[in-house]
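Per-chain residue numbering starts at 1, and chain names A, B, C, D, E and F are given in the order in which the chains are listed.
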């Protein structure tokens, strides 16, 4: 087994060891944080919003959220139809 | 009285003197400018718009001014209510 | 006739010659391209959109195209009028 | 094992812990207390990043090289930094100190030479150091913010009543009074300041973020962190700082003075005004040209009505992008060795004095003017002269309403409010002219 | 007192006064007369800023150092600039001249060395100088504008009738004809031009802002101010310049020619076209690759339909930001010593010739083509070949309507109009290839 | 004639033809097949630009000078690059090779010196070279993208079920397994890799674009083109790569496991979480500070609710601008001599292995966790741990629906999905710490 091979194995051991260590710490830190926040803080629950966390979403630079935009479009369409007749 | 002290006093005298001199000149320049503009220019009065000159306003990158936006929102709300029934 | 003059004439000959050569090639390349595309591609004709290709158009950073914006404005105006009475 | 010896926990110093806590405090104030969040969120976060041990995000390539202090690298740097060190010589703390000191006092050419050598040895500038160099070191950041602010500013109320410019002038006593205060602290031997430092601290009295950052980056870059933080913090505290002073200096009767409706201002006047200011600057104070020039440019783009798209960008995309980098860059100066000393406390103390003096002088100036003008000015709008746009104007309005529920001063206060911005930019120009 | 001796009024030179007036004139034309305001507002304002006495906003660190000419600084610069000056020697106007001349003729390395020395002595680059170096010196600014223009351009009409590309070719005679004109002025001894200057002036005939700025920044940076100003000014004047020429060269009957409705163009063709252009450039004219490459990239982003958000940004936030800095940078070249001489008048005179020749050749080419093609072309669309998008196309349409109220040429004119953009970019590439 | 001898057709090399075809292929995949178009359109286009013969858009000033190899320029460069060449000596291909090799191995100072000399002789950096230096060379580009991604990321699902972080950890086996794979190829003598190259290739397993670009720019810049392309390509192929593996490793019964509705998460938790992550990074892995710091900063701006305008800009204008330049910069590394060799094939091969291993380990980890936790986890969400946000989570959801039409896993899969981003950033930090 050549040197690169052993380096790679060392890197894997150290790397995965550290990744797990770090994320396990983070699990406990997060659980603790949530407990503290929920203990001392008015609970104003608010559902996780999946729609927004796509990183590739082609959102144009406008702050209007999708369904408002949707509504605007409908409103306009309707306005136009009313406008024609 | 040490040297820094005297420097500070000199700075204050020069500074405030200049600030007043400059802004007094600006007062007269502005009065003159307004007189000239109003003399030779069709007077199309237009009220100062306070709403826009907050520098900290979290205006999203949209050219729509607040009350138009307001109106849009109302329009949508109204559209929706009409839409439901 | 001085040297600059002859340089200018050379530049003109070479330049216009090349410009024409290049754009003539481009004419044929484009015709060929169109033929190929229209041959091997489902033809989904779509009219050229003049409205958008003004380079100086002061389009605010919003994806709404002019006449939609137009419509929005009208819609709002109308809403307001309805709102007043 | 490298991972452990290279970890933060293993290397962290007490100073860094304190600074990280301060960063968290700034985030708390910004997010929970709404203290100028647009700046204090990036500043606070940048402060934390700058104090992550071993990461060296706020250090130049050379500083990172000196931190790790490999003998061969030190040997390579020795001649450039003019430090007596031979290859192979032991790297004692004293040696590292000597190198760091030499680098701190080095001039432009030496610094770039040292950074080049460090780069040759594989060290790079920290991310925040690059941000600082590009955004603040070049002074372009504050100027672009100022351009955006100009594009958001409506001079209408000022044009309707130009004499309120004088209120904006009077409030600048806050700046120079604070310089005097700093000198006093120095005289009493409580703290040491140079005139440059005193002037940079004074600018806090301008109650204007970009101006403070611009001036301190020119006169005393090492204080920029403390100065920017106290400037923004006190701007957020204006609603608490000003009212007592305003009430103490005015009678109920004065506070109840009603001011006549402002005349409408024509578009033309608004277009010509920034050009008038620019010409005045060109003729009388070239050193204020960068600040006021960009401010007027932004305002002209706003008012001229033919470059809407540029004005929109200056007010939104561009100013936001610059704000993010400016905030992180200021945060990069929140480092233990520079921030945790008496001067910072002095700066925080003097900062509140600055706001107080500015407020008081604005109010008194208004009362003084009432001795001369026919139709009286409500002295409460004088306090708006410190700028802190638009907070200070809102305060004038609020206090006015308490005195007389039918007395709306907001529009009248906007005049001195924006005048204060011009005033402190002029004061900044004078300081840079005389000291820079 | 420093403030007075350092004031603008005390130091202003007549040249600067004139240039400031010219800046104000540009602002007037841009705001009141709507002359290409997106560019001329920043250019005019930048021109004023560049001429504020003592501020040195458009000067490099070294130029600022030479302006204030402190003996010790001159001594430090002497060896680098290779000027015979010993420390202590009196600083006569001649000495200052010698230094300035030496700096003007210095190469890249010498310039950076001199600036480094000036920085060591506390002088910095002016704000506008930095903008110019980054935005135009690197040529990135015009290229990004060109990318944005590509993202705003619809090649549909051109694809529907590709032979109109030839009209875009013919109009480029405006460019080379102007080069000839400049050479003629030189021959007649009226003005002196080098071939580089003549070529840079000729590009005004391209009637395309970014192309003009790009070419002059490569071939004759010292003329960039005059060239950009006259290019944009004449683009705004197209509705006045073109119609008489168009009418003079066409009969009423020709002007009334109706052209058949353009065929619809498929999305696919629009997507493939920019790639075809790019490949043609790669094969035949690499020197046009930066300009046409970015143009095609912008157009591909627009048409491909899968990167809407990038296309939006290229058309708005990004192009606006670059436009602001590009305009100010061009303005920084409106300095008295460079702008106030015969060449500028020559450039303004030749510029209008360029537009005229281009217009004429476009029209004549259309008439020539009518001798060969079966269905006739209305010669009025030939004038659109000078580009000046979309103004020139609108002019063709307007003149056409005068001749025949039912004759809408706008769509037909858009073809040669955008072809003109490609044509002048190709001409630019040829010039850079042969002279650059 | 210059135009012909300078044309692309006359000078093009076979390698460039192949690379241009590859660029066109990338555009086809991006536009027609929707393969991560936001990155692959700019990368593909940049690749074509970089391979335009004679244009030298991706070369530095010195490389351009060496390409044209004028004797006097070579003579000027000889001493700096330490190549034995006298003025006047014939310029043989060997000589050019010698110069190019010397430049390739040169350190920072030598490179800048050589570029300065080339600039003195009128050569300039290519446009793409400048983009690369500023955007990737400084590492700022990937970091800003990461900030924007943070501003688009919702940690809600992760906070509702933090133990899914472990799935994000397990999936990182993909990274280190690939390093092992590369080492194996080297051991078997099939290809040669250094440990740095192997590590950079491994990061493809992180299935995260900016992280891959950041790590390879630090560890193996010459491979950045191949690594970025294969990372983005495989991210687009996730819907094809993952399902078979997921099905092979799970029983129908496991895939049908229903998971209980996630608890609602409070705004406060979302605000505090990025700060918790930042502190953990500061304490345990400073080398991940740039990546995770910017990521957390973006997320804090998103969640804190007081800097909406900054968050909007980070998610739109800023990230779009950076994406355009980042893509073109990556494309500039798609040059024949660097891309067309065995290593690239190896990288493409290893890349798919990386995704496979990561997917498998994520699924297996989920099954392992089921042995310990009371309420069972559906192992299908384990595969989302590779990140590739949000594609991988959608895949988990889709496969889950096939097994049980009433089983919506999307929200549950978003937890490990974003955990995977943190996981690979941590892995990146470890690699840079141990090898960088």
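Keep this in mind: contacts are C-beta pairs under 8 Å (C-beta built on N, C-alpha and C of every residue); 3 or more make two chains touch, one makes a residue touch a chain.
Computed from a prediction, not measured in an experiment: that's the story for all the values here.
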Same-residue or different-residue interface between chain D and chain F, half as cut-off: different
Distance-maximising chain from chain B - centres being C-alpha averages: F
Centroid comparison with chain A (C-alpha atoms), farthest chain: E
Centre distance in Å when chain D and chain F are each reduced to the mean of their C-alpha atoms: 38
Whole-Å gap separating chain A and chain B, where each centre is the average of the chain's CA atoms: 39
Distance between the centres, which are taken as Cα means, of chain F and chain A, whole angstrom: 20
For chain A paired with chain E, centre-to-centre distance based on mean C-alpha positions, whole Å: 45
Touching two or more other chains - residue numbers and ranges from chain E: 3, 38, 284-285, 307-309, 312-313, 316-317, 320, 430, 434
Residues of chain B engaged with two or more neighbouring chains: 14, 18, 58-63, 72, 75
List of chain B residues in touch with chain D within their complex: 1-2, 4-5, 7-9, 11-12, 14-16, 18-27, 29-31, 33-34, 37-38, 41, 43-50, 52-61, 63
Partner chain A, residues of chain F touching it in the complex: 36, 38, 149, 152-154, 156-160, 162-163, 165-166, 168-169, 172-173, 175-177, 179-180, 182-184, 186-187, 193-195, 198-199, 262, 264-269, 272-273, 276-277, 280, 284-285, 308, 312, 315-317, 320, 389-390, 410-411, 414, 418-419, 422-423, 426-427, 430-431, 434-435
Footprint of chain E on chain D - complex, ascending: 107-109, 112, 138-140, 143, 271, 275, 278-279, 281-287, 289-290, 293-294, 297, 300-301, 304-307, 309-310, 312-314, 317-318, 430, 433-434
Touching residues (chain side chain F, partner chain E) in the complex: 2-3, 6-9, 12, 20, 24, 27, 30-31, 34, 37-38, 41-42, 45, 48-49, 51-55, 57, 116-117, 119-120, 124, 127, 130, 316-317, 320-321, 323-324, 328
